[in-house]
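Listed next: structures, encoded as structure tokens.
Presented sequentially are two complexes of subunit A, the first with subunit B as partner and the second with subunit C.
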Partner chain A sequence: MTVLSEHILEEIRDLPSKFPQPRSAVMPALDLAQEELGHLTPEAMTEVAHELQLDPGYVEGVATFYTLFHLAPTGKHRFYVCTNLSCMLRGADDVVARLKSEIGVHEPGEVSKDGLFSYEEVECLGACEYAPMCRVDHAYHYDLTPDSIARLVAERRNGGSAVAAPKKARAPRKRKADA
Partner chain B sequence: MPELRGTVGGPVVTEWFGTQDLYKLDVYKQKGGYAALRKAMVDMKPVDITNEVKTSGLRGRGGAGFATGTKWGFINRDMPGPKYVVVNADESEPGTSKDRYIIENSPHMVLEGIMIAAYAVGANQAWVYIRGEYDEPYRMLTEAIAEARAAGYLGPKPMGIDFPLDIRLYRGHGAYICGEETALLESLEGKRAQPRSRPPFPAVKGAWGRPTLLNNVETLATVPWIVNHGGSEYAKRGTEKSPGTRLMSVSGNVKKPGVYEVELGQTFRHVIMELGGGPPDGRNVKVFWPGGSSAPVLPESMLDTHTDMEALAAARSMGGSGGVIVMDDSHCIIRAAHRLLKFYAHESCGKCTPCRVGGDWAVRTYERILANEGSQVELDILQRVSDALQNGRCLCGLGDSAGWVIDSTIRHFRSEYEDHALRHECNVGAVTALA
Partner chain C sequence: MTIDGQSVTVPPGTLIVEAAKNVGVEIPVFCYHHKLDPVGACRLCLVDIAPGPPRPQTACTTPVAPNMVIKTQSAMAVQARAEILEFELVNHPLDCPVCDKGGECPLQDFTFRHGYPTSRIDGPRLHFKKPIPLSANIALDRERCVLCYRCTRYYDEIAWEQELTTGQRGVQSFITSQFDQPLTSIFSGNIIDLCPVGALTSRVWRFESRPWDMTQTGSVCSKCAVGCSVTLWQRRGQLVRVTSRENDDIDEGWICDRGRFDYTDVNDPKRLRVPVVKGAGSTWNTAIDALAAGIKGKGPKLGISLPQDLTNEEAFLFRRLLDGPLKGAKVKMHGRTALPEPDPNQLLIKEIDDARVIVVVASDTEKDVPVVNLRIKKAVSKRGAQLIVVHPDGVDLDRNPHTVHVRNAAGSAAAEVEKLASHELLKSPGGPVAILFGDGHGSEDAADLAAACAELASKVGGKVMPLYRATNERGALDAGVAGWDKLDGVQALLSWGPPPTAGIPSSVKFLATWDHLQRPDHSRAAVVLPATTFAEQQGSYTNLEGRVQFLRPPIPVAEPLKESWEVLTELAVALGLELGYTGIFAVQRDAAQTLPGLADLAEPPSPTPVPTPVLIGPAHP
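This part shows the complex of A and B:
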């Protein structure tokens, strides 16, 4: 039994032919694995390596370089809150403080007890004219205040169907299954 | 789409911004879109296109400001085998959001610029390396590419010319260093993004070992206008050595943050006080970063500095990415510098020792100062680390940028550093001790 399902492995096998050289498939393949499992386990990375005929150590070396790959479990909804300068100057620290208390965690990467939430403090997300801002469930949220971040948490905790599932956007305009 | 904050109906790049549904192909075409591609492919020879861009004087908007037409001329169009255009849409320089603004407003303008560039340098395939967090811009480009394919602009015979064209997207995964051109190429090839030493330059040996033209989103988005109106028309704007306009993302402590199209040579006073609306009531500008966090800071007394690259160089700074970060007098320069050094330390790829080690040293030193444990020793360490990071000791510019933050904030705010380090006082009354 593999940890990645057969159709994912098949998609991964198809990736190399889409690039001038097959190695370029490694990150898109890790995306597929992470999308299925939530984070990248050693077994998953080994399976990716196997399908792409690469060394597992190589694949792990790539995964650990990039912050959007997660090697430990994360919450179902991951908040990436920008705390770089333009957001900091407009109150990002207060937003982070409120977020931590709302989801009941003490540090970045820690998963809330219900498994629903975790957060990261991240570098500039390129939307500084809307500072402070964050990214959650593959969408940006702007002009944050402590109250508005609390609302984003509440919507995800209660709403269920009101909030899109945290799936990777792979095809445009495709309706995704609700959470 | 959220409320647009920035220039609409501006002189060049933003000319059509604000048009309802401009992101759709038919609306873009109604405005005059893809006329430049037709003109370039049907009426012009590739070398004429490159010459037109040379005449315009356009300089790269990604950070380094290299002459765009000259760069295009480096690619040997007649060399057999694949050649690529790679588009830098990694936009991760703190304070910079203009490429996102362009893509979200007018994805087809970006595609049209890419197609013209590809035809000019003889590349049949282009890759857009877009930062992974840009979900919406990615979706918009994906749809625009599908529309362009269906319309035949991409495919075997664009504009009826026997020159197959294809544009593909590649998503980044969260690493500032991927904006550096050779690190970007490593990443595109499926590797850890560590810069390569140059030469060979990408024009000779770039993506997958092949000749590659690498340009920023805004640079390419400017090209359709230049082809439509002529290079000399573009060169009438701006200054002699920094012609044209550029998009400046104004953020931080201003009343009207936004992405503004600015004619080069205007002053920062105009950009910050008029376009950006100035600082909040009752506050003054204390300092600004004129070209992203990597551009050495300028104090309020230098608001009349002009935005062209020569004026900025004379002021010992640079135009960089066009990100203007404004900080008012309620904030502490040491805390700001500490935050940025944390950024550079975190984003160092680890290949060059001064950058890998220096960033962390600086962060720890700032933390001692902010915890009121500073002394002359800390000030000396900061200066030494800053020197070690600069002047070509690292393969890419990341180390220099970190050094410039330290160096320029000390240069303009020495008394504040001394208050903090020697007297354990913060003159803006901010809480000095770190949590």
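This part shows the complex of A and C:
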């Protein structure tokens, strides 16, 4: 029994042919795995490695390099708050402080008691003109204030389904710079 | 071009670090290693290059250009390197007194030669748990690591494995094995030699000695037929460490873990040192007489089991006994393949580099001939050779996604090889073809397979290499003692080295053993002779490509141990054959004259190898 479902494994198997170096498929493959499981477990990484004919150690190295790959369970909704220069100058710290108190966690990566939320502080997401900003699951939210971030939390807490993260795995997309 | 005012001429494409070696200018490096692809990760090799931008540049990634002027000692370059070293030490624990690298540590040496005398760093340092066992043989100290990535690049580029990788990123990066599981590669130990600091150290040699307390002797590995060059390190009569010794014809500076870690039996306190007759210690004379009496005149009722690391000299002396008093005895050599004698114009290991297509048949090279396996990987990944494997099971060469793997039913390798002549890749290989074949550990008809491979070679323009496994199988074949006989039914058995793989036949009434370790079977033996090991005895091995290489023992033969040539000569006398040898030189001279394969024995190296004192300096410049 695999931890990744057969259709995900299928998709992963098809990836290498799209790259000149088969091992380049590791990032989109991990993306697919994370979409399905929420975070990357050693078993999932081993299965990805197996499908791509790589050593699990290589996959693990890639997964730990990128902050957008999660190695521990996350909340159902993930807040990626930019704390890089522009956002920080325009009040990202206050936004983060409010977010922490709203969801009741003390540090990045910690999952709220109800399992709904977790947050990360990330580097520039390339939307400085709307600073401060954050990414919630797959959508950007701009010109944040402590109040608006509280609203984002509240909407998700109450109206769950309307804004739930997409369930179905999407085709690999071009990734924004992670660093 | 000039380096520090000295003019240098080198081929185009040469990197500045390499050019500098030609004129004896030291450019310190951590991440650069001449057998790995350059990455420019550590920035320690900064030099001043004109013409060029007015800032220091890395000598390890910059190729030379005509009329370049390189200064390693300009104020800018000197300062740049000193500051990089200062940065390297930001998180370094400075625990040299308890670090096994101390005394041969490039970080120590470079800091002395290129760094600032004092440090301005006074903040908190990164801390990790230490040491972390990466395997039974290797310890990792993440605090000492300078993140040069030599170890992980080696694993990836040379060994084709990724069980060792980097976790996290940036200043928080650390070296880790996959999911913290023990390393399993048979090539893992090379990372100890590669690591420029004490981050990767040997657990077998842990806290044994300092480099200046040991002598080092260049010798040959005795564990398989590849015959890698090794350095044997001796301290107070003990063999304390084995490291690689670069020989581009054979090993290119790599050895496998068998060669590196499998030596502690030499120092075993329970080693046999006195001859034993009927359970009681005796003199050599009594023991040899008892042995002779037990095996004399037995003809085919005598069985002899030979060790895989029998030297050429021993093989020759044995030949003399088999031609004379022991005529007709059944002989079985340990661990040998069923492969026939080689083609005189066979492939050499270094010629694998130039092959355009490499065909590997009936051998899991990773296990059978480890360092040849690395050479194949190099030809494929660094020189673009194509690879065809004929083997019933998956092998580690399949890690290359372009490997063509023909899965044959065991026993049909010869038929598959015949079909290969019309294979796409071999129709116009575009250069030499290398054909390497084993015997499938008995599953293939070795003679048929050898013939099929030879025929393929002649069709496609290539050379063959039989992959012998026993250390000196080639030498034993040359001397005609690489026996393959079944020992069943013999009445007397001389078991030299480890007992026969099939066990001691029940028909044996007289058992004599000649071994360096105590083994359970010895309780049945009428005579037990103590043997020397590769670390004590003189002699030579012929490796699988036919190269004769001499052992240079670092440890003297301590009485009452005796050199094997002396024991065999005395045994011959007791059996009524006067050989008259008084030293190993005479044995070698005779062997060179009688056996064409051993002609190289005519020029042995100096009999008393001079151990070289350790020069303090980088172990791997």
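Convention: the second predicted complex is superposed on the first by the 164 of 179 C-alpha atoms of A that agree within 3 Å, B and C clash if a C-alpha of one lies under 4 Å from a C-alpha of the other, contacts with A are read in each partner's own complex, and residues count from 1 in each chain.
As a convention for this text, a residue touches a chain if its C-beta (ideal position, glycine included) is under 8 Å from a C-beta of that chain, and two chains touch if they have at least 3 such contacts.
The structure displayed is predicted, hence computed values, not measured ones.
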Partner chain(s) touched by A:Val26 [first = subunit B, second = subunit C, both, neither]: first
If touched residues of subunit A are counted for subunit B and for subunit C, the larger one: B
First (subunit B), second (subunit C), both or neither touched by A:Pro42: second
Which of subunit B and subunit C A:Cys128 touches, first, second, both or neither: first
Which superposed partner A:Phe65 touches (first subunit B, second subunit C, both, neither): both
Subunit B versus subunit C as contact partner of A:Pro56, first or second or both or neither: second
Residues of subunit A that lie at the interface with subunit B and also at the interface with subunit C: 61, 65-66
Subunit B residues within the subunit A interface of the complex: 2, 5-6, 82, 84, 91-97, 99-100, 125, 131-136, 138-139, 142-143, 146, 168, 170-176, 187-193, 207-208, 210, 249-253, 257-259, 289, 293, 323, 325, 327-328, 331, 336, 339-340, 343, 346-347, 349
Residue numbers on subunit A that touch subunit B, as the complex places them: 18-21, 23-28, 31, 61-62, 65-69, 80, 83-86, 88-90, 122-131, 135, 138-140, 142, 169, 171-173
Complex contacts: residues of subunit C adjacent to subunit A: 152, 156, 161-169, 176-179, 399, 401
Residue ranges of subunit A touching subunit C (in the complex, touch as defined): 16, 22, 42, 45-46, 53-58, 60-61, 64-66
